[in-house]
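After this come two complexes, each holding chain A, first together with chain B and then together with chain C.
Presenting the complex of A and B:
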């Protein structure tokens, strides 16, 4: 199940892009699925349509509060090294609005590489 | 994500604990961040002040107000007094008896001021961004704005009205299509809230704060405003009333100064919190005597 989380004592190679993309896409689908309050009906198979160029805002219609939920899921899955809140706090608002899935994948991979 | 039941409402809470608290082992100060109404959520802090506060040694506590973000959306209970009661119950549930630092943006500042007046023993200091207290004048202004949104406009235009308000009055980024789309998404959440709850009928109908109540507020208060924001005149009046109050103005910014000038707001607030005389000392304050 958890293919990319570091194992205690070992120094595993950081996971490849495709693996992380698959995991992040699943988390995004979960966030959208959880958000019963929105008018959009996000189905579970949305994860399959998510690619590196998919934008969180324009393409997935994610609101900023959905990003908070995603951030919590990322930390839960990968551990505290992956800190989306801190990462996004360092970006300009325009960059956050235009955020792509690929940018999150790259952040996850670099954070995991730094920590290993 | 953490769910906390407070005052009968299921609240969404996010905490960013202090990173690298002081070596002397003192508890880091708790800073509770209260967001604005309608188009806002804790996300405005989670990607701005929250991480900066945590990095500076504060325990940043963020929550979605009832009806907002991912907190429950009850049909009733949207007066300022309800939000104050929610906050008191939330602090109890989180075992934060206080005194805590409160940061409130826009309507969140209105809640923070009301909370401080009614629970003075629980507040070490107040940072109020682009906001003012729930006075009678505030209620009249709010009522007029909401009448425009909910009575004189059809529902779909009410949504656009929020976008227009945000775009023209608040933001310095109007005209950027991607930004406008972002604001439209926020406006949709606001329209949903107004459609499904009594917030627009209730929010301005609670108890009003008097000048005497405000003049009795002992804790230090920092008012942070955008130079071209919405509350300049009210801030002057409020700062004259409050016994311990400073005003900081961020040049070139409007009502959404928190999100659009996050670094400056964060620096002002952290400096103020470190210098506040009461509450648990910040790790920074152990190193010297911040002025």
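Presenting the complex of A and C:
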């Protein structure tokens, strides 16, 4: 897999949108498939269906506790520069309702660009 | 003898525990009256209850079905609970004037109870029938919490005592929580005094007949109860069908009773055989006493009733308080969470295998059961209300400003 992990180790440019989208989509699928410990067909499909315009609320039915879990996964993968929890804390209710995967991807890319 | 006014929303899961507490108070010689929607209360309380009628908002069952997450939260407060408070306030005010309660027991989500109490300077205790507010599920979203606070401040300006400072969802005197810290955690620090009494499981009207013969033929097979509660009845067809398939795939080792009040299951899944029994109404408390696992939507009442019997759960939260309650269940180790919108038969089946085969979930459920049974339930709640009403008569509290 083409990965952006370890950019601090000398890779200068922040990862492109497509790469980050793929990684974020995988992490979202992981959050949504947390408890049964089995890879069912239904869960395998989630990652493939996620695009920049997918909304976390309406489309993916993620709840506030799922966003917290996603924050932890993002930080684990990208390091402490990517702080989704802090980003979410600044959002109004309406912005959370409209939150798209694209906004998360943009947040990750800008956080990585700032840190490099 | 003290007089208690119970203020409740037209929601089954909020009225049942209050009703159990009211019966305990009546048995101790106190008088209880109700403020709420007369039709809903007649159905849930039966004849003989003293009901002071309040107007109702649009039915919560009418809300758009696809609302989830933060959008469901916005709808719940903006389009249901706030209009409910405005609609009920005149009826609650009239009830207080006619009945003259020593103490108001106000449901946490029926904000009219708390706000009219503070305006008329009657002491009130909060009835917390779903503990999701205590779980801090919005702790990572401070602006959402602020949005709710400002909505409540607006309601206070209209209906309450403008000088009051406490959060109307938590009485400064006492909040009775129908759960325990073992399941909920300690609760927020700024919530005012909390008293955990565990589930209040009163008597329910007996169902005329049920297929106990069928249940009795389980033999060595494990018995699973599948229910999505009373407030999500139209949503569940696909999910219930997945549950039915999962159980049929494992019919060598399990069978299931499925509650389907709205007839949401496709006809093909509904046929009766030795493996699956589908009914529009089921005697849930009695079935839980015999069940080995429950698949449900993580409604507060269903979860606490299951854990009262030490039964482990597969939880598929749909919305509102359910994701937070589901997180309480998995946090306590008493169950497995799956996705309501996506779970297929394989996923439900894998979750059932886990809670039935891995003894850790049943062991955790029994730990929560021990905490529930030690907490005292409806009698403990009634005793606390009685004590507080007595204290207030002796030493009226000064925190409720009288408004001319």
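Note that in this section the second predicted complex is superposed on the first by the 101 of 116 C-alpha atoms of A that agree within 3 Å, B and C clash if a C-alpha of one lies under 4 Å from a C-alpha of the other, contacts with A are read in each partner's own complex, and residues count from 1 in each chain.
Rule of thumb we're sticking to: a contact is a pair of C-beta atoms (placed from the backbone, for glycine too) under 8 Å apart; a residue touches a chain by one contact, two chains touch by 3 or more.
None of the values given here were measured: they were computed from a predicted structure.
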{"item": "Touching partner for A:72 - first (chain B), second (chain C), both, neither", "value": "first"}
{"item": "Of chain C and chain B, partner touching more chain A residues", "value": "C"}
{"item": "Which of chain B and chain C A:21 touches, first, second, both or neither", "value": "neither"}
{"item": "Touching partner for A:50 - first (chain B), second (chain C), both, neither", "value": "neither"}
{"item": "Which of chain B and chain C A:85 touches, first, second, both or neither", "value": "both"}
{"item": "Touching partner for A:32 - first (chain B), second (chain C), both, neither", "value": "second"}
{"item": "Those residues of chain A which chain B touches in one complex and chain C touches in the other", "value": "35, 37-38, 57-58, 61, 63-65, 67-68, 71, 85, 88-89, 93-94, 96-97"}
{"item": "Chain B to chain A touching residues, read off their complex", "value": "1, 14, 16, 41-44, 46-48, 50-52, 55, 64, 69-70, 73, 173, 176, 178-179, 181-182, 185-186, 188-189, 192, 259-260, 262"}
{"item": "Footprint of chain B on chain A - complex, ascending", "value": "35, 37-39, 57-58, 61, 63-65, 67-69, 71-72, 83, 85-86, 88-89, 93-94, 96-98"}
{"item": "Touching residues (chain side chain A, partner chain C) in the complex", "value": "32-38, 40-43, 46, 56-58, 61-68, 71, 85, 88-94, 96-97"}
{"item": "Touching residues on chain C, where the partner in the complex is chain A", "value": "66, 68-71, 73-74, 137-138, 140-144, 147, 317, 323-324, 327, 330, 336-344, 346-347, 350-351, 354"}
